[in-house]
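Look for subunit A in each of the two complexes below; its partner is subunit B in the first and subunit C in the second.
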Partner chain A sequence: MNLSVPNIVILIVIGLLGVGAYALLTVRNLIKVVVALQIMVKAAMLALVLAGRLQGQENLGQSLALTVIVADTIVAVVGLALAVEVRRVVGSLDLKALTTLRR
Partner chain B sequence: MGMTWLSLTIGLPWLGALVVWLVGDRDEKITHTLAVAFSLAAGVAAVLLLPFGKERLVYSIPIGGVFGDFTFVVDGLGVFLAAIATVVGSLAVIFSVDYMHGEQQLTRYYAFVLFFIGGMAGLVLTSNLLLMFFFWEITALCSYALISFHNDDPKAVAGGIKALIITQLGGIGLLAGALLLYTYTGSNDFQAFLENPALLPAGALAWMGFGCLIAAAAKSAQFPFQTWLPDAMEAPTPISALIHAATMVNAGVYLLARFYPAFAEVPGWREAVMICGMLSALLAAIMAMVATDLKRVLAYSTISQLGFMVYAVGAGGVFASQFHLLSHSVFKALLFLAAGAVIHSVGTRDMRQMGGLGKDMPLTRAVFVVGGLALAGIPIFNGFWSKELILEAGLHDNPLWLYGLMLLVAGLTAFYTLRMMSMVFYGEARAGRHVHDAGNAMKAALLPLAVGSLTTWLLAGPFGHLLAESLPAHHLKAHGTLAIVEEVITAPATYLALGVVAVGLLAGWQRQRLSALGQALSGVSKAAAESFGFEAINRGVVNAAQKLAEWLRVTQPGLLNWNVFAILCALLILLASLAVGGR
Partner chain C sequence: MLHLLTAVGILVCAIQAIRSRRLIVSALWLAGTSALVALELYLLGAPEIGVIELSVGAGLVTVLFVFAINLTGEEAADLKGLIKEPLAVVVSVLSIVLLGILLVPGVDRAAPSFGEASLKAVLWGNRQLDVILQAALVFCGVLGVLGLLGERESAAAEPGHSEDSE
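Presenting the complex of A and B:
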């Protein structure tokens, strides 16, 4: 496998996805969960730009990436706001403290 | 012009729902007035749409891509049911002005009623099966919301959820039919399919036909799904009159009638439809004979009369079934609304605590008797003509034993109708009771329906012509009103049926003397009071579902990490299956 630019980007995408998924599976801190989600979304964004480039539709890929940035910001804001509320109400950011719905 | 009336028929009630909802619960009078105005306007629009039925207007809204066009077709079957939905709807809304006077949260009530009326009109006017499914579910949702209107009453909530679950179950059949249609024809529009059912291979056609039968049986409370309708009687009475007697429960019969030309040739389909209708009619009639709750008796009689219509479709009498649908909508809405006036005044639904109400409520008694005689099938009233037409359709090349059982049901109908009327309005009055006759808004709703029960049979001729001209795939023959009257009067079967009805009436009148017979049949009446075990089956299914859910709870640890793990696994399985079978 030669180290052309697309191949490098694909490797980065896979790496970011892996890091994000691993973090989602292992971390228990709510803030870290939001960070892990952000890492995965960044991977998706990069993949969109790359796909646009490979298909010759750079405009489409980049505008979709911009849309993802907007949506993703909202996710981050709401997620962090929830984390703050959880810390205030439950007194801890540990996910294990958030199992009260389970009987 | 037709397009304007079409869009107004569906749009006005929905606009009304929005307006009523936005105006809110500020002033009761404003809410009542808005609801009456919008429903009446929709009724007028639907009546003005009626003459366009013959032209068979087609109106498409391009929606692009997956769904195909959203097509509306103005034909005889559609305009006639839309007119029933909006006209009976506006009468029920007018009745509600008195009945719901002083209730909390009227906004919610009227918004859902208006949303329902628009949804029902859309359901019968569209020719896109997927869109029909959407409208179908909209009516189910409104029915649920209105049954559970008194949401602090656990019985009302349970009845609503039961109705919702059972009709949803049937809805799956309709959705399956829509998907099959789309798979084989590449379009959701069923007009071309009705004219040429061979577009679908025989196997798929059979699946679709029986899917539609399940959907229709669930919606029209037919065997084996009939249990939800009696429990739906927890709804406010105008709702029972509108949704559970005159309109929504007819959607199933409409579906069968609409698709009759496509499925008639499917082996076993017509027989299944006839048997489904016969069993519903028979079982519900027996249950109506022992029930003591006034509204439940009416609910059972609705199931029974819907059984007549379903039977008629199976027997090939599409016109007879739709004509009975018209008669039934009018006289059953009348019976329910009159029963509502009684319940509103007496404060109970138990017929054993009524009796002798006729003296205090002369007008209610008069209109109730008109409706009751129509239900029993006494000559001149509209129920007589349509029921005779159904029984006659049953005699044409159809199994004789089914006809015999339907004849028996006609007799049982006369029996329970007389029992109900005499228990409520005749006999000894209870002392110390203060009842008042129906209010003005109630009268304004009852009187047109009573006149309708006496006269709608005069429309038989024009209605038949409308159907015959606008439904080419059904190959209906149209006769004038006079010809139909002559046909009914001269047929010997009519006198046989009348004789059975007379025996039923006599038995109802002399039912005290028949107590010995009643004792002998006490096993049957006990089984009927237990709704022939269908309630037990329902409870069993609910319990099993709850046990399964309890057991599956293990899979919910409540930890985010495990949930993410499960999502990733599902994604991997999806990717793997796409990689293997995606080509």
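Presenting the complex of A and C:
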């Protein structure tokens, strides 16, 4: 596998998705969960721009990436607002403290 | 070469954002990831998206994170995960490998070039539904910010309420 530009971007995408997935599986702090989601969305955005470039439809890929940026920001805002509320009601940011079922 | 350096920087920043114990440091590493992703988008020939990502991803989202961390207070983030560490490593590595097998052989073909409309025409002309959806999303975001801000006001207003009434 040669290190052409599309291959490097593919490596970034795969790496970011892997880091985000690992974090989502292991992290218990609500704010850290939002950080992990942000990392995965950045990978999706890069993948959209790269796919548009490879298919010769750069502007379509870029406009989709723009939509992803907006959605990503709103996810961060709503997630952080939820974290603040959870902290106020439950008293902790730990995901495990959220459940009332016994584990 | 610049692509490779940017790639290494993005991955290092992302890993540090996950690994660092303090939430505020984690948010700053995430801002670094955003900035480098914006650079990579610029190098890929998407300068408009790069600028928007830089201002929104590295600017606005970081401010929101710092604000939320201020509100909730710094917590020790070294709790053990809900599932066992080796299982998480295996699952994430497996998903990376599967994705790599799927993606890597197919990306070296030459780009077919169609006659394509400009970014402005594609965004505002062909995808009105997405623009409407974005407006709805921004409205949700405003409600979310109100949730963030309203929390502080109610917390500040309750002790101060008696002073106001006096």
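A few notes on this one:
Throughout what follows, the second predicted complex is superposed on the first by the 100 of 103 C-alpha atoms of A that agree within 3 Å, B and C clash if a C-alpha of one lies under 4 Å from a C-alpha of the other, contacts with A are read in each partner's own complex, and residues count from 1 in each chain.
Just so we're on the same page, a contact is a pair of C-beta atoms (placed from the backbone, for glycine too) under 8 Å apart; a residue touches a chain by one contact, two chains touch by 3 or more.
Since this is a predicted model, take the numbers as computed values, not measurements.
In the superposition on chain A, A:81 makes contact with subunit C only, while subunit B stays out of contact range.
More subunit A residues lie in contact with C than with the other chain of the pair subunit B and subunit C. In the superposed model, A:15 makes contact with subunit C only, not with subunit B.
Once the two complexes are laid over each other on the shared chain, residue contacts for A:50 go to subunit C alone; subunit B is not touched. With both structures placed on the common chain, the touch criterion links A:71 to subunit C but leaves subunit B unconnected.
After overlaying the two complexes on the shared chain, residue contacts for A:6 are found with subunit C alone; subunit B is out of touch. In the superposition on chain A, A:33 makes contact with subunit B only, while subunit C stays out of contact range. Touching of subunit A by both subunit B and subunit C, each in its own complex, is seen for residues 21, 25-28, 95-96. Residue ranges of subunit C in contact with subunit A, taken from their complex: 3-4, 6-7, 10-11, 14-15, 17-18, 23, 26-27, 30, 33-34, 37, 40-41, 43-46, 48-49, 52-53, 56-57, 60-61, 64-65, 67-69, 71-73, 75, 77, 79-83, 85, 87-89, 91-93, 95-96, 99-100, 103-104, 107-109, 111-114, 116-119, 121-123, 126-127, 130, 133-134, 137-138, 140-141, 144-145, 147-148, 151, 155. Contacts from subunit A toward subunit C in the complex involve residues 1-23, 25-29, 31-32, 34-36, 38-39, 42, 45-46, 49-50, 53-63, 65-67, 69-74, 76-78, 80-85, 87-88, 92-96.
Interface residues of subunit B facing subunit A in the complex, by the touch rule stated above, are 553, 556-561, 564-565, 568.
Across the interface of their complex, subunit B is touched by residues 21, 24-28, 33, 95-96, 98-99, 101-103 of subunit A.
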